[in-house]
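Just below is one structure, and these are the notes that go with it.
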Amino acid sequence: MDWINILIQGGLLGGFYALFAIGLSMSFGIMRLVNIAHGDLIVLSAYVALLATWYTGFDPFLSLIIVLPIMFVLGYALQRGLLNQTLAGGLLPPLLVTFGISIIIQNGLLQAFGAYDHRLQEGQIETASLKFPGGLSVGVYPLVVFAVATFAIACLQLLFYRTRLGRAFRAVSDDADTAELMGIDNRKLYAVALGIAMIFTALAGVLFGIRTIFAPLSGPIRLILAFEAVIIGGLGSLWGTLVGGVALGLAQAIGAALDPTWQILAGHLAFLAILIVRPSGLFPRTRD
Amino acid sequence: MQSVHVERATKTSRVFAVFAALLLAALVAMPWWGDAGDMRLVGEMAYYLALAQLWNLLAGYAGLVSVGQQAYVGLGGYALFYLTGEWNTNVYVALLLAGPFAGLMSIPVSFAVFRLRGAYFAVGTWVVSEVFALFASLIAVLGAGSGLSLTPAILREVSSHRDVRDAILYLLSLAIAVLVFAIVYVLLRSRHGLALTAIRDSEPASASLGVNTFRTKFIVYIVTAACTGLIGGLIFLQKLRISPEAGFSINDWTVVVIFMVVIGGIGTLEGPFIGMLIYFVLRELLADYGTIYLMLMGAIAIAVMLKAPFGLWGWVIQRYDLQLFPVGRRLMLAASEGPFKD
Amino acid sequence: MMLLQTQNLSAFYGDFQALFGIDLQVEEGETVAVIGANGAGKTTLLRAIAGALETAPEAVIFGGQPIGHKTPHEIVRLGIAMVPEGRRLFPSLSVEENLLLGTHSERSGPWNLKRVYELFPRIFELRRLPAPSLSGGQQQMAAVGRALMSNPRLLLCDELSLGLAPVVIRDIYETLGSITAEGTAIILVEQDINRALDASSRFYCLQEGRLALTAPTKNFDRAAITAAYFGL
């Protein structure tokens, strides 16, 4: 029974990882941009929420009302002001510019908050669990987050396939040149895309910040986890990313059960194994 | 019929070669005219220059933008400490083995990461480095989380006198920098180098002309890893301690190196020199400002990427068509029609 | 009124010059053909007009305004639409979604989904299918429809007949009449000169980026055209 609890816990962790991955997935799918600062933006969101809770007395869930719009605007401005200029230059400019942004965010946070760990406190829900017969125990918070992740992906699918904006996103992702020839303002669209991606990134940051401590330099590991979820699931498929997140969580749970210090490593090894054995991931869809 | 011949060197590069030789002689003589602090600094500049040349070869010529080269720095360092500590290997022998060890480890790594392209390749190499760091932090014989230290006995193998030791380590840094530069230079002047320049300019085009891009990149990746491992061994020999965090630090061994190459001019031999000098000047100037200097570096890198993506030297090349290290080939026509470049 | 005018239009791909000082005019509602061999610069000309290539602002004048410096999407909003070479429908979108893409320029006019389906009845049944599953001819119709959905004053058609069977080409060309009946001007770029010349009132012949010949098509000596086409 213990093993089942461990596996459930690991699988639910996938909900977090999927949320991490959504922003990265959108960036790459629509703009062909891999945002190295993605993990740092997740952490930045948590710090923004921290500030929001300090100044308004809101709890973290409520602070989302403030955090999400702020991060949307930040994403829009970042793409419009900076990242759009890197798109024409090939591989290096976007990579190095987002790398530079990552360094700036990390050190900016260090300056502002110091090298201390912080956490967002949501109260009872953090430790509550649902008990089932047979010794089965499922954490309420991870379950809620998994539900949020699923709901988020469902909303995005709706956006992509049922709305005018989503249609434009898909067209630009297919063929940016022709999309522009059809009257789509690519630069503005990319900015909106990053803004929307940042909403999910911020959501991920806040929700994870309730579960785990964060510090200015916690960004890179989050980027790596998001990246692993995307690759394991397969590029181009949001539902695939959810499965990828679950797979990653399961690998980590199994590793942790063998020895707690092996958790992250187990995830990395699973990722490398998939890379060697089935590089296009479990549910690949993107045409490049 | 005009006769045609291929020229390698230009007048500028010949002048520069003389200047460079003089500078090198002065640096080699430093143990006699400089103090320990100077030697430490120049030694550091030397090994950073070597790391920058290697990253430039990898990313600027072979198109392999790796954000995980710190893996090989750490592997080289740990190899040195492990061999001297556990196996009582002579320190020089251990240093010589550090490079090949890292090179060997890069082979299975390449199987995994070469599946990825572009920015995904970059993050993949980063993951690999994290894996090595995690292993190092979990294995007891490698000191686990706290790492390993060099015993005084091992240091005495370098030399029993402190001054001599400083001088030897300094000269080794210099030697490695020259060696790495020589390897990169010879490689770029060779047929492989021509292939690399072609890949740098256009990978699909060069592939269609019959350049074996995969094999070329594979060789470059392994050679770079081995050289990086050697440098890593030397770095930690000087630092006397190694830990997973320090050995595999992305900030120390990758961020700074990328900054140097990008600011100086990626895809050129001269670029890393310039970038390295700029970095050290900045570091001295901003030493008192803590993390601000890293933020500034990040901002400068962004600005350079947006406004001058070929770096300072790239800008110079565009303006003045200079080349200090002659790796190009100029097609000379006998008649006075002027040279056709490359 | 002169709808479109290019003045000494030159265009470059990096260092390579693809167009050398082209002067071209299109009146409201007119159909004009641009012919020439492969590599003559026909597609480059259309792309320059559509804004996909950077040109001097005054080099392209549309409705009296210089547009050479404008971005493609701004130009679509002004009323120029492109049917790109090779169709270039969006593979992830269904046929109808491709058509709807044309409405992103937010121009009003006679063309909407209903009218496009009336013009091309064959694609109506296929409208929910992914674009790549259509035949070449059907895709071409969809591409034209997509451009029409932006209610252009000027339609740029790049090689409508590329890779299509003669019967299909004939069907597509027959619809051009309904398009010009709405007052839309058309620039027809073709390698197959007969169709283009039959459908147009004037033609321009390009040869290696330069204007080799221009005249009204009616009764014009085909031998002279062939000579200009091949640069003889």
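Note that the chains are named A, B and C in the order they appear, and that numbering of residues resets to 1 at the start of each chain.
In the analysis below, contacts are C-beta pairs under 8 Å (C-beta built on N, C-alpha and C of every residue); 3 or more make two chains touch, one makes a residue touch a chain.
Please read these numbers as outputs of a predicted model, since none were measured by experiment.
Q: Chain by chain, through touching neighbours only, how many steps does the shortest route from chain B to chain C take?
A: Graph distance in the chain contact network comes out at 2.
Q: Looking at mean CA positions, which chain is nearest the middle of everything shown?
A: Most central by this criterion: A.
Q: Considering only C-beta pairs in contact, identify the chain pair with the most of them.
A: Going pair by pair, the biggest contact count turns up for A-B.
Q: What's the distance between the Cα centroids of chain B and chain C, rounded to whole Å?
A: 53
Q: Could you grab the centroid distance between chain A and chain B? Build each centroid from C-alpha atoms only and quote it in angstrom.
A: The separation of the two C-alpha centroids amounts to 33 Å.
Q: With centres defined as the mean C-alpha position, give me the chain A-chain C separation in Å.
A: 43
Q: Quick one: which residues in chain C touch 2 or more of the other chains?
A: none
Q: Touching residues of chain C toward chain A in the complex: what are they?
A: Chain C reaches chain A through residues 50, 52, 71-73, 76-77, 81-82, 84, 88, 90-93, 97, 100-102, 104-106, 146-147, 150.
Q: Quick check: in the complex, which residue numbers of chain A touch chain B?
A: For this pair, the touching residues of chain A are 33-34, 36, 82, 85-86, 89, 91-97, 99-104, 107-108, 110-111, 220-221, 223-224, 227-228, 231, 261-262, 264-265, 268-269, 271-272, 275-276, 279.
Q: In the complex formed with chain A, which residues of chain B make contact?
A: Residues in contact with chain A: 59, 63, 65, 67, 111-113, 115-116, 118-120, 122-124, 126-128, 130-131, 134-135, 137-138, 250, 255, 258, 262, 266, 290-292, 294-295, 297-299, 301-302, 305-306, 309.
Q: Please name which positions on chain A make contact with chain C in the complex.
A: Against chain C, chain A makes touches at 164, 167-168, 170-171, 173-175, 177-186, 287.
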